[in-house]
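Just dropping this structure here.
Chain naming follows the written order as A, B, C, D, E and F, and within any one chain the residues start at number 1.
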Amino acid sequence: MATVRLLTDEEAGAEALAVFDDIRAKRQTDYVNNFWRALAHDPATLKATWERAQVVMAPGALDPLVKEPVYIAVSTANGCDYCVHSHTASARAKGMTPTQYGELLAVIAMAAQTNVLATALSVPVDDRFKA
Amino acid sequence: MATVRLLTDEEAGAEALAVFDDIRAKRQTDYVNNFWRALAHDPATLKATWERAQVVMAPGALDPLVKEPVYIAVSTANGCDYCVHSHTASARAKGMTPTQYGELLAVIAMAAQTNVLATALSVPVDDRFKA
Amino acid sequence: MATVRLLTDEEAGAEALAVFDDIRAKRQTDYVNNFWRALAHDPATLKATWERAQVVMAPGALDPLVKEPVYIAVSTANGCDYCVHSHTASARAKGMTPTQYGELLAVIAMAAQTNVLATALSVPVDDRFKA
Amino acid sequence: MATVRLLTDEEAGAEALAVFDDIRAKRQTDYVNNFWRALAHDPATLKATWERAQVVMAPGALDPLVKEPVYIAVSTANGCDYCVHSHTASARAKGMTPTQYGELLAVIAMAAQTNVLATALSVPVDDRFKA
Amino acid sequence: MATVRLLTDEEAGAEALAVFDDIRAKRQTDYVNNFWRALAHDPATLKATWERAQVVMAPGALDPLVKEPVYIAVSTANGCDYCVHSHTASARAKGMTPTQYGELLAVIAMAAQTNVLATALSVPVDDRFKA
Amino acid sequence: MATVRLLTDEEAGAEALAVFDDIRAKRQTDYVNNFWRALAHDPATLKATWERAQVVMAPGALDPLVKEPVYIAVSTANGCDYCVHSHTASARAKGMTPTQYGELLAVIAMAAQTNVLATALSVPVDDRFKA
């Protein structure tokens, strides 16, 4: 499908190619996945997105095995099939076990159902939950 | 606001009151938050939701400090203000630090922006991401 | 809140006022609710929305007590607090009982949770479900 | 696509297989659809989801021909393609006519458009719509 | 996929065919795209949707090159793959350049990320932003 | 409401205060709106968001009076009340007329309704719309 062609290395401009090369170097792989090849039509957004992603997804106060599940959760709630696939693969590559994945889906499902219950009932926020 | 009145202990029926009591016992608090008081109009759903929540949110292969951030992430993506407040409070009660909270918001924001980019470009899923 | 002022009868232009009068006549009430008073800044959209709503929400092959629950369901999933309130009130005015309301919320919650499970797992559609 | 393999009867564990058998028995069919086969990697969630679904979707104060349209509505608003297909098929199997389906889509579309109008205008909820 | 068959001219009833013919005439093309062929099962909704679309999307105080980007933005946020494709094609046909498309995606991504930040923080609306 | 306190100039750290000052300088106003005061708890995200926003929202191939309507459209579809208010105010400050605003809302509503129709029908994308 795609609304743009995925750019090969040959088709990408110099600025985009530099990002592709950085992706390969940082991830220690030859593979550049489709998301970046689609974004390559706009090298400025490609570069800004890749650079921000590295900062945000780096290990910090939260472990990558917290960050990837959160990413999957947001992508699921937003219905982004590409992101669900890429970050489920990423979480597994970083060590997410099948049992952890099962628990993750159970939490996402629990949240989704209480979200609609609270919204349908328009439950007022308790004072103690406010900052 | 609310589309139903929040039921006090006096107004709740026996089945709902038993759930309120269980919430108080399990959480070791006198406080029953508004979500449960709104749900109390339908004791069967109140009971099923409370019981499922305990199973799903219990410590397991994923730590509560993974589960609560995931819950916040889903609630944010779904725009549930009540759930955002209650689970941010819950995550803090379980030890989420301000730095962790900052990182959580950054991951949610990163996911939200790549979600729309992938969706707008309709990027095809890479074969290697498929099971 | 509101991004526009709610127009009173005195402030509304002739075209908007004609819609207000039609709302009062068709609903046999003196009350024009806030949604229409906000829309009145754009009389063409006000008129088109009101006229389409009458066609769509009229009794037909589906009973109003099917249509209103569907409206509540969509409004809940979309997180529209105004619409949740107005159509919950409307459903009650048309005879929705507390028990029916409880079942409605349970179905909405069930759908929301299986929606995220199917999306997170990216379950392929069974051939037999395709037209 | 799918982020997990769909489990055949042979691959499913004993607990998952028992759910498959219950699905076949209750639905009086040999067919177990993909959703359950994907969920079978986590037998506890599979079982909890199937059991809750039976309670929630059973005929009650709301007819199955109210519940299925509500399910389709939520699934549509959440953009769950799998759920849209499976519950449209289910609604038809339970007797939804083409005319009813047409009216259902018209109500969903009406709700979606007024949802965004009310949200964009941030229309305050009328006092009379509050509980 | 589709939950209904796409109707050919031969299969469409007289009322639907008249809309197909109007689409061809207004757009000066022989091609009727899949959306309308799917909607043709319900000629009344087909006609109402087509007629309203012409009014709303016509050049007015906003240029078509404002309206199409807005349409793409909404369709992206709602995760409607069909609409993303058809309106990206439409925007290009009306003159949207690759640079404009790149900027459009950047704005959509910016909005998506600040939307979740504001929602997760539940930032109160400044008085000066209220009407 | 808010899940964090809005930081005053006195409470903000040096890095956050520098961003506040830059906002005041660039916008030529003394006022720093609530969004930035809430984000100030995480100065790194505050700075990254403000800097990216300036790049993305600057006049370019798309006029600010295209970018702001797109921002309103995404914020509406995502149900972000804060963002709807702040960007409606911003669009007006940049010259959006009431007539343009009315047309914008009509396009958003049109898109929302065709989004759900295409999703509920799961209309396959026409080959000619693919890149």
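Here is the rule we use: a residue touches a chain if its C-beta (ideal position, glycine included) is under 8 Å from a C-beta of that chain, and two chains touch if they have at least 3 such contacts.
Note that the coordinates shown come from a computational prediction; the quantities given were computed from them, not determined experimentally.
> Which of the two pairs, B-E or D-E, is linked by more C-beta contacts?
Result: the pair with more contacts is B-E.
> Quick one: compare the interface residues of chain C with those of chain D and tell me same or different, with half as the dividing line.
Both copies, chain C as well as chain D, present the same residues to each other, with over half of the numbers appearing on both sides.
> What's the farthest chain from chain D if centres are computed as the mean of the Cα atoms?
Result for max centroid distance from chain D is chain F.
> From the mean C-alpha coordinate of chain E to that of chain F, what's the distance rounded to whole Å?
21
> Find the geometric centre of each of chain A and chain C from their Cα atoms only, then give the gap between the two centres in Å, rounded to an integer.
Averaging C-alpha atoms per chain gives centres 34 Å apart.
> Between chain A and chain E, what's the gap in Å when you average each chain's C-alpha atoms?
26
> Could you say which residues in chain D touch two or more other chains, in rising order?
Those would be 1-4, 45, 49, 52, 74, 76-81, 84-85, 88, 102, 105-106, 108-110, 112-117, 119-122, 125, 130.
> Residues of chain B touching chain C in their complex?
Touching chain C from chain B are residues 1, 3, 41-42, 44-45, 49, 74, 78-80.
> In their complex, what parts of chain A are in touch with chain F?
1-5, 48, 52, 55, 125, 130-131
> Which chain E residues qualify as touching chain F in the complex?
Within the complex, chain E contacts chain F at residues 1-4, 6, 31, 33-35, 38-39, 45, 49, 52-53, 56-57, 60-62, 65-67, 69-71, 73-83, 85-89, 97, 99-100, 102-104, 106-126, 128-130.
> Spell out the residues on chain F that touch chain C in their complex, using ranges where they run on.
79, 81, 84-85, 88, 98, 101-102, 105-106, 109, 116
> Taking the touch rule as given, give the residues of chain C at its contact with chain A in the complex, in rising order.
72, 76-77, 79, 81, 84-85, 88, 105, 108-110, 112-117, 119-122
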